[in-house]
Every structure is written in C-alpha cells, then in structure tokens.
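Which chain is which? They are A, B, C and D, in the order written, and residues in each are numbered from 1.
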Amino acid sequence: MNWIIAFTILLFWSSATSEAFGQLQLPGDLTAEQATVILKAAEEKASSENILINIAIVDAGANLKSFLRMDGAYLGSIDVAIKKAKTARFFNGSTGELGKITQPGGAIYNIEHSNGGLITFPGGIPIKDQDGTIIGAIGISGGTIEQDHDIAITAAESIL
Amino acid sequence: MNWIIAFTILLFWSSATSEAFGQLQLPGDLTAEQATVILKAAEEKASSENILINIAIVDAGANLKSFLRMDGAYLGSIDVAIKKAKTARFFNGSTGELGKITQPGGAIYNIEHSNGGLITFPGGIPIKDQDGTIIGAIGISGGTIEQDHDIAITAAESIL
Amino acid sequence: MNWIIAFTILLFWSSATSEAFGQLQLPGDLTAEQATVILKAAEEKASSENILINIAIVDAGANLKSFLRMDGAYLGSIDVAIKKAKTARFFNGSTGELGKITQPGGAIYNIEHSNGGLITFPGGIPIKDQDGTIIGAIGISGGTIEQDHDIAITAAESIL
Amino acid sequence: MNWIIAFTILLFWSSATSEAFGQLQLPGDLTAEQATVILKAAEEKASSENILINIAIVDAGANLKSFLRMDGAYLGSIDVAIKKAKTARFFNGSTGELGKITQPGGAIYNIEHSNGGLITFPGGIPIKDQDGTIIGAIGISGGTIEQDHDIAITAAESIL
C-alpha cells in the first residue's frame, strides 16, 4: 500500500517537475546525463593511458555543458579544450579536419580570429545521437594531438 | 504526367536535402521562416507607430538568427537589441523583469558584467512555440522602453 | 472625393515622418529596403544551390544592417559572415583579394589582429549603388569559399 | 605468488606515474576527485529541491576545475557560475559578503569592472580543506540567491 502511495507521489512530482522545467531545453539536445557518461569515458581512457587532459563538452547550441580538468593537466588547456568543443560544433566537424584548410594559403586561413578565438588542431569532435543528429561536441586538450583526438572520438561514441 | 514526374523529383530532392542537412538543427528550434515572420511583425508595428528600431532574434541556443536595423534607427541599438535578445534567452524571461532585481541593492545587482555584457531594461522577450517551449528570443531597441517591450511582445506572439 | 482627402493626409504624414527621421541617415546610404532585396537574393541563390549560409549586410558606416542564418547553417559562420561584411567595407574590396596579401610574408600580414578580428578569405564584397559609390558590404559564410564569393557577388548586384 | 608480482608491478607503475605527473600540481590543491564530490553534492541538493543550476568549481589558482549545467538551467548562468567561483577565490570570501561593499557609495564600488568581470551577489563560496586552507571555490547559479548560496555552502562542506 505504501508503495502505491509513494509511486503516485513520485509520478505527481515528476510531472510537476516536467511541467515546471521540461520546456526549458529542446527535446533531443544533449542531456547532463549523457554529458556525464561522455566525460567519464574520456577521463577513463586518459587515465588508462596515463594522459592528463582537460575535457569540455558543449550542447547543440555550443554552450558549455560540462567540464573537468584532471589533476596536473595543463592550465592553458582549459580554454583550448573549451574552444575545441565550440569549434567542432560551430562547424560541425573535427577540429583536425578544419585545421587542414586554415594553414597559410589554405581556403579559410586565419578563421581563428572569428568567434572570440577558435582552435583548429585535433581534439574537437561533434557529438551525435543514434540518428546522426549533432547534439553537441567534445574538446580534449592535454595530450598529443593524436591522443586528444582519439580520446574525443572514443568519448563521443560512448553514448551510441 | 509531367506533374507526376515533377512531384517525384521534388520529393527526391527534398529528401536528399533533408538527408544532407536535416540533422544540423535540432527539431523544434526556431526556423528562419519563423524568424522572418517575427521580424516582419516587429518592423510593421514599429513602422505603423513611426518608431525606428533595431530588431534582433536568437534561437534556442541564444545564437543570432536574424537582424534588421530600420533606416535611421540608432547605431548604438544594434548591440543593445542583440544583447536584449540574448539576455532574454539566457534567463528565460523579459529583460524588463530581470532589470527589477539588477538595481543597486537588488538581488542580482551588476549581473550585466557577465556573459560579455547583458541588457536588463525592457525590450527583450523569449519566443515560445505553441506548446510553451522556449525556442529563442527577440530584442528590440530604438523606441522608448515601453515601445520596445510592446513591439517585442507583439512580434514574439506573431507565430502563435 | 474621399480619395483626395486620403491622399492629402498621406502626403502630409509622409512629410512629417521625413521631417522627424529623414536626417538620421546619410542620403545615399544603404536602406533597409535595399538590404532586404540583397539578403533575399543571397538566400534564394543559396537555396537553389542547396547551400546553407549565414548572410550579413553592413551599411556605409560598416555597421550591421541585416542578417539571416539559414536553418542548419554553421553556428560558427554567424561571426565569420559579419566579419567578412565589415572587412569588405573596412578596406573597400573583396575579402578574397585582401587575403592575397595577408599571408606570411605578405604586405599586410596578420592584419586580422586589428578591428576586433577580420576575415580575409573570400565571401565579403562591397555593395555599390548605380554610380559606383560604396554604400555597404555583404558577407556570406557557410558554403565553400567559391560558393560564398559567388553568392555575395550575385546578391550585391541585385540592387543595380 | 602471482599476487606478489602483480603488487610489485602496481607499486612500480604507481611510482612511475607519480614521478611523471605528481609535481604538476601543488600538494594540497583541490583534486579532481574532491571537485567531483563537491559537484555531485551540489547537484543532489539542487535536484532534491527541484532547482536547476549551473555548478562551477575552481582550484587554488582560481582556474576552472569542473563544471556542470543541469538540464534546463539558465544558459546565462554558465558564465555567472564561473565568475562567482572565480570571484570567491579572487577575494577569499563569499560573493554575497563582497557584494555588500560593491554597492553605490560602498568601499569597492564597481569592482566588477576588474578581472574581465566579477559577480558580487550570493552563490560563490571558498572551498577549504580540513585545516582551513583555501584550496578553491565553488559558484552556483540558477536558483534564487539564497538557494544558490545554500547549495554552495553545503557542497563546499561535503569534503570536510
């Protein structure tokens, strides 16, 4: 009997919550729960490989959703990781791919001067849901660019 | 017969398009079509009342979607209109309501120093869809704060 | 009879309006009506070629006049489009031409550090009136640099 | 027998790790583990009280250590939460206390103009270790200032 009451209260509370807050985030956008899974996947891969990284995750609107700096990771990588995540969502692609055409003589040379600063070397990757919709991006900074890129890929795919 | 072919081609093209681009914007987010309707509603109300305004519209992620400065509208209102729109989405409410508690002694005095600058006097209003989900915001600047606020309300409601 | 009265009132109102506001914008400067024509020309060309772009238009004073982000167009291109338009008016030329001398060793290497950030790859074009007077500029971002440039040219010429 | 070997390898690896990275962070500085405990305490208190918040944690150097935005929490509170945490560590006190002397006529009126923007209303609290040494700070934004402050206090004390 008590369980039924508890369950009814839970349902009511949950619907009250959703009534109060449900419409504040677009359905399908990256959730805090997903961001936590992705962040943990990045941290575990980095730990297992003895790499010290900063991890930044943005949502579909390119706004910061979650962040973690591992102990001893570069202070300068806080902003690099955040800018990698933003850049990956800003242009819906890997920052490393973008960097191939931002070099001197490249098609979009010096695009880094836009958007308050971009980072166009590897380590930023879009986050997609199971339908392929881009719902955010992750930026990793602290290891080599190859390590950062690999960790970003693994982490982004952890929710699929 | 030709109509059937045309229709088939149209369907194919439309599905190719959606395959190529459909997943780049979250379903439910403010569309360019909606933004154009809202902008036009603001411009028409301002014109009919002989008010010269800047109109800025952002999407659910608080990113600029559309903008228009009427001839003769204040140059200084370009940034004010954009910041009003961003502020309204940043805090999911009217900028005028927010401004009531940003005064000296108010609960959030000087919050304008965050987010690269906020505007907390009237003229910014969230844009909601028919379900009440916030899908963006509009900022109006150029008239009196009462005029700006009224135009923003009318324009935001033009898609309901 | 009523038509004559209406027409007289209209004339009077129109002259009152122009008295009140006519002097707030330089004669010959880009009008909102022209900006709307140009923006629509850019949007239509992009749509017909299946390209997703951000469109920014500035007036003779290099101040934002109108803007539109097509659904699904890059979020990072909001600022790139605006900076292309500003850069084109700042230096009265195509951003692509400018980019030829901003490369390492070029005459104006790294001029992108000025003006709060410039963009010096193709997609920004001055807007001229029928007498060849520069009255503003347009910046397009979202397609390849060739596509962006072509759309900017077509759009700028739509008012001639 | 195998256990002894495994244990020896573990000891060696662990000392190699600490040799490689141990000196990159000051002894006693806020760890990622502590930051995670604090962040979780803040999130749980907010959830249980039906409040949607942004949580930002900085270390002794006032540099971002971890961050989380709950689903539906204000986008504008990302920066407010980060600035509250930084402000609390910048001046080693509660942002609410600081705000009492930043009002018009106050001793440090408009100090918010320094450091790229400060926030001086409640919600930022220093994080201390068991000896009372300040090892970082936490900033909460999303609820009322009283709620933000209470959550910050509870969270900061969760590691004691």
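The criterion applied here is as follows: a residue touches a chain if its C-beta (ideal position, glycine included) is under 8 Å from a C-beta of that chain, and two chains touch if they have at least 3 such contacts.
From a predicted model like this one, the values you see are computed outputs, not experimental measurements.
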item: Least hop count linking chain B to chain D through chains in contact; value: 1
item: Furthest chain, CA centroid comparison against chain C; value: D
item: Distance between chain centroids, defined by C-alpha means - chain A, chain C (Å); value: 34
item: Cα-centroid distance, chain A relative to chain B, in whole angstrom; value: 26
item: Inter-centroid spacing, chain D versus chain A (mean Cα positions, whole Å); value: 20
item: Euclidean distance of C-alpha centroids - chain C vs chain D, Å; value: 45
item: Residues of chain B whose C-beta touches two or more other chains; value: 24, 61-63, 92
item: Graph class of chain-chain contacts, one of line, ring, star, complete, other; value: other
item: Interchain contacts, given as pairs of chains that touch; value: A-B, A-C, A-D, B-C, B-D
item: Sites on chain B touched by chain D in the complex; value: 61-62, 86-87, 89-92, 104-105, 107-111, 113-116, 118
item: Residue ranges of chain B touching chain C (in the complex, touch as defined); value: 17, 20-22, 24-25, 31-32, 35-36, 50, 52, 61, 63-73, 75, 78
item: Contact footprint of chain A on chain B as seen in their complex; value: 23-24, 26-29, 59-63, 92, 128, 131-135
item: Complex interface listing, chain C residues touching chain A; value: 74-77, 79-80, 83, 99, 102-104, 110, 112-113, 117-121, 144-145
